[in-house]
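Both of the next two complexes hold chain A, though its partner changes from chain B to chain C.
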Partner chain A sequence: MRFELKRSYWEDIRIFRYRSDFRWYMALVFLLLVLPVFIGDYYISQFNVVFIYSIVSVGMMLLTGFTGQLSLGHVGFFGIGSYTSAILVSKGIPFLLAMPLAGLLAAAIGILVALPAVRLTGMYLAIMTIGFAFIVEEVLARWESLTRGNMGMVVEPPSIGPFEFDSEFSFYYLALLILILSLLAARNILRSPTGRAMISIRDSEVASQAIGVNLMKFKAVAFALSAFFTGIAGSLSAHKLSFISPESFNFLESVKYLAMIIIGGLGSLHGAVLGAAFLLFLPGVIIAVKEYLPHAIASQPGLEPLLMGLVIVLFILFEPMGLYGRWMKVKHYFEFFPLYKKDTFKRVKSYYKAEKH
Partner chain B sequence: MALLTVKDMTLRFGGLTALNSVSFDVEKGEIYSIIGPNGAGKTTIFNCLSRFYNLDEGTIHINDRDITKISPSAVSNMGIARTFQNIELFKNMSVLDNILLGRHRKRSTNLLKEIFFTKAVKEQEMRSHLRAEEIIDFLELQQYRDQMIANLPYGAQKTVEIGRALAMEPEILLLDEPSSGMTMEETEDLSFWITDIKEAFGITIIIVEHNMGLVTSLSDRVLALSFGEPITIGKPEAVMEHPEVMKAYLGDEGAFA
Partner chain C sequence: MSEYFFIDLGNAIISGLMLGSLYAIMALGLTIIQGVVRIFNFCHGGMSILGGYLAFMFLSSAGLGLILSVILSCVVMFIFGLVLYRFAISFLVKKPNWEISSVIFLLGLGILMENLILQIFGPRVKEIPILFTDAFEFGYIRINHHDAMLMAFVVIFVLGLNLFFSRTWLGKSIRAVAQDIDGAKVVGINSNRTLSLAFGLAAAVTGLAGILLATKYYLTPQIGWDWMFKGFIIVVFGGLGTISGAIYAGLIMGLIESLITLYGSQPWVWPAWFVIFLFVLLIKPEGLFGRKSASY
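And now, the complex of A and B:
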């Protein structure tokens, strides 16, 4: 009896709830490991971008999806990560050290941003973070002695020891590894007291304080963690692109980050990755669809951002739990096939509609 | 020296004096009740104790330590747990997760260890889960264990809130109208639990309650309040018979049910 009980706690604690989950993840990882052998450089490059933005998405998810703090300035952290890593490597510091340092600097600045931000909520917080993104872009453009300003910087490919990740093929494995490590780290945080405290803030600040959660501290932790992952992604991106300039860190990029986690499903790590993949493959789909549209529509400027915006609006209206929520519903439908109740998810859905994240 | 000492607690909402120089002290191991008609200021006392409101005048001491100016989370971390009149649970989480969150102040791991989910984190999680399951058993919440709070009947939600507070292993437990909205049966259970919480766990309890039967049977001492003014403090029977208490309740007869 005692033993039974104990086993059931472990089921709640361990990283993958069920053994079958673990097998699925292993199968997925295996598939991703062999995939580049069968696809061309163009598609490998697409995957590399998806991996990088999935890491950003994990960071955004921790802050916005799990802690409930809106940020429209994360491109600032991405830019800080990119430039820090690029500059450090240009000064002879090994990439393996430069990348975590880029993450740590972004995290430290994340705490500075959090100091005023923890007093703000919703719209005001969003506006403050936009301000932060503007400041970063300005600093990158003006601090010419360090960043070469608007002329931009050439960035070396990442290398570890004698090995250079200078092809899309080799970079693929580096980015995949860092994405997997990021996901594992995020999952560990979420099943620990810190993660639970973050989620509690999203659900009720009053109740959080009543159980002893220091709002300031844990919001700052959420900002720092989120900035860390985003900074790491920025570092990877800089070395992949091999050229960076301040204008690529425009605040509008942050809207894309936000779209990723909304489309993927707020409050889910699966959603973070799904959302990033969806959003980055979407332009390709739009271009493909364009060929079949009448010329008058297809040639309109601004069609792509319009469709992108439309997709986000449709998700918020009709699928507020995002792609992952949809997947869970489909899975649930088949598991309980004859017994499936139409309203099972209604209550949850109404919650998401009421709460503005 | 009393465990909790409140001196001249005064709080105004604009022109309204919600609490006017309220003083009382609570001894360790006591069940202390606060009664009074609706709007008397009972909940406001709790909100002052847990530091959601800033006092205009007066002081609060716990074991000689002045807590009048510390933050709400710091008060909770000192071991003052509470429930709310209108229930403040994490509605989107399961019963188990809510109770686990009560363990927050008992954690001893840091973020770095948690990122790597070290052995210490794992063992701490096992202990937290063990404690949470004990509380679920104690409050007979097994059938709701994995359900989302929003799907629970009202009485069960109130019970979960008590469970979350117990998970904090508090020194003082503040219960704001725990029996309101509960069925007769649930109220009976509640009465046993409160006695157990005091006797088995050694927790000091301050309770705001309208059910006078419950107040009389449970309390060691009672503070009666009317329009923010303390009327009298004493043994339950004596307080109930106090003429001014009777008068205060005259317009609110139902409360004596």
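And now, the complex of A and C:
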């Protein structure tokens, strides 16, 4: 059992809460660095997808998990990032410049989306962002001179200087590097005044306005940041898949992004990565398990979305705090072993009742 | 610009009103749930195709008559909605981040239902047979008997629903709960029971709308999402939680769709709907016919 003793403000907002955390993260990074040497191309590719979606998940987490704004339109930002990067690279602009530009364009459009969004809350916002995602899909499909419409675009592999990331193995390190950078960035944003303002908006809009938080500004900032991460991930994904077409940016992708952060656990960056890993390794597990299932079940189409729906429903009903919440509970149980209380993680009811309407 | 102009226009207006009445009944279930439980039913699509498939199953596998199978599937949908509210949603709406969790729960349920239906009934297109195949003809303007019957049915159904909400005890208590849940409790309404009955009613209406749409179009497991988004647009356009608003908005959107199809082209219908939708959300978020606070 550990006691937290904080002697100054700066200790409260450290990047790593304990010194041991830093060592564990270093160990994890080291493990991930040497991992691709030992596993096959198929698994490396799976990890690449997980890294890309983890970046999306971090972006979603900033917006939904930390600012409390529900978005079902992030696939729009993802698509903007993908297409921007693909088009810029095909026009001869280096990847190292095209990727941040893709993120910046997504962020700029994020601010545009946020302008009306600050007037809407909760489910209205969700529905408006669905509309945004549909509009992006339509524009991508119809602006044929630029995006080649429904025929789709072939994207070159990313390259930095003379080096091409054309194999899964080399792409792994690129994606890992960008994931680590975005996690660090998100962690730093969250301990800055901006991040704390965002968290206060999530907890109570009225209270945060009372202490001088500019709601409109910080909601727009949250949208922009979230769109930036998503755009970067879109750019990476376009170069990884090497082919993009508008119909891959459909509504169910947005549901997937939201499912990732819900399954991971709202309001934690660990949860963002855990949720992405869980949801994206799930198809692989299904494929591995399929051999043992009876043929009649295993040969059915659409088993994967069915399981995604089932997992979402079960998580919401039985583990609303997500995988990271479960991990915290397990950790807590062992830390306080004989003194464990069942209701430790329940929030005080009277507090949120006032916020409901 | 000739007599054809008016014939085309007349046909377009009739088919628009026809579509619009279907859209209106599609949006009814959504608007009841939104007005009473204050959540958007993100598995609306799943519910409507479930209704359609149930009717199809009773018709083809069980061999019951059309009217009996429609009634039976409405009853099954009512029980489904009741159970769904009692065992899932009533717990979710009491939690701290109830908005996010109810949205994602219903979305997940929608995906689950779509794929369960896909597993059970297969991906092939299903059709529900129609009663009448003839058409009235006034000069060059045609109205199918089936369309006329659907429109009449929708009108009668909406009038009946209005009577239910304004005259019966249950309807009044649902409206009371929608207006103020604490106030309703004070005057002795069992709010939990009323809410679950309202949810069941909305589910039955949604299933019925699915059956009606299936007789006009066809049934596939994926089509529910399209219907759901159309329903959302209509509900937001007409004002959340207002029944009359949903009906006017449904008619207007149906007219817009058929006029765009006549003078533009079919692919522009969706973008036009969404642009209208965004403008309504930006300028008048409470909807064209809605009041500031959502209630009946």
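Here, the second predicted complex is superposed on the first by the 320 of 357 C-alpha atoms of A that agree within 3 Å, B and C clash if a C-alpha of one lies under 4 Å from a C-alpha of the other, contacts with A are read in each partner's own complex, and residues count from 1 in each chain.
Heads up, the rule we're going with is that a contact is a pair of C-beta atoms (placed from the backbone, for glycine too) under 8 Å apart; a residue touches a chain by one contact, two chains touch by 3 or more.
Quick caveat, the model's predicted, so the values are computed rather than measured.
Engineer: Aligned on chain A, chain B and chain C: do they clash or fit?
Structural biologist: They fit: once the shared chain is superposed, the two partners occupy separate space.
Engineer: Check whether A:S90 is in contact with chain B, with chain C, with both or with neither, and answer first, second, both or neither.
Structural biologist: Neither partner.
Engineer: A:S200 in the overlay: touching chain B, chain C, both, or neither? Say first, second, both or neither.
Structural biologist: First partner only.
Engineer: Applying the document's definition of touch, where does A:I316 land relative to chain B and chain C: first, second, both, or neither?
Structural biologist: A:I316: touches chain C, not chain B.
Engineer: May I ask you to decide whether A:I15 touches chain B, chain C, both, or neither, giving the answer as first, second, both or neither?
Structural biologist: In the superposition, A:I15 touches chain B alone.
Engineer: Contact-wise, after the overlay, does A:N150 reach chain B, chain C, both or neither (first, second, both, neither)?
Structural biologist: neither
Engineer: Would you sort A:S242 into first (chain B), second (chain C), both or neither based on which partner it touches?
Structural biologist: A:S242 sits against neither chain B nor chain C.
Engineer: Name the contact category of A:V221: first (chain B only), second (chain C only), both, or neither.
Structural biologist: A:V221 contacts chain B only, not chain C.
Engineer: In the combined three-chain superposition, what is the angle centred on chain A between chain B and chain C, taking C-alpha centres, to the nearest 10 degrees?
Structural biologist: With chain A as the vertex, chain B and chain C sit 80 degrees apart.
Engineer: Once both structures are overlaid on their shared chain, how near does any Cα of chain B get to a Cα of chain C? Whole angstrom is fine.
Structural biologist: 10
Engineer: For chain A, which residues lie in the overlap of the chain B contacts and the chain C contacts?
Structural biologist: Looking at chain A, the two contact sets intersect at 347.
Engineer: Hey, which residues of chain C end up touching chain A in the complex?
Structural biologist: 39-40, 88, 91-92, 95-101, 103-105, 107-116, 118-119, 123, 225, 229, 232, 236, 270-271, 274-275, 277-278, 281-282, 285
Engineer: Which residues of chain A touch chain B once you look at their complex with the stated criterion?
Structural biologist: Touching chain B: residues 5-6, 9-10, 12-13, 15, 185, 188-189, 191-197, 199-200, 203-204, 206-215, 221, 225, 347-348, 351 of chain A.
Engineer: Considering only the defined contacts, which chain A positions touch chain C in the complex?
Structural biologist: 64, 68, 70, 72, 116, 119-120, 122-124, 126-128, 130-132, 134-135, 138, 251-252, 255, 258-259, 262, 266, 300-303, 305-306, 308-313, 316-317, 320, 347, 352, 356
Engineer: Could you list, by residue number, the parts of chain B that touch chain A in their complex?
Structural biologist: 50, 52, 71-74, 76-77, 81-82, 84, 88-93, 96-97, 100-105, 107, 109, 111, 114-117, 121-122, 124-126, 129-130, 133, 148, 150-151, 164, 168
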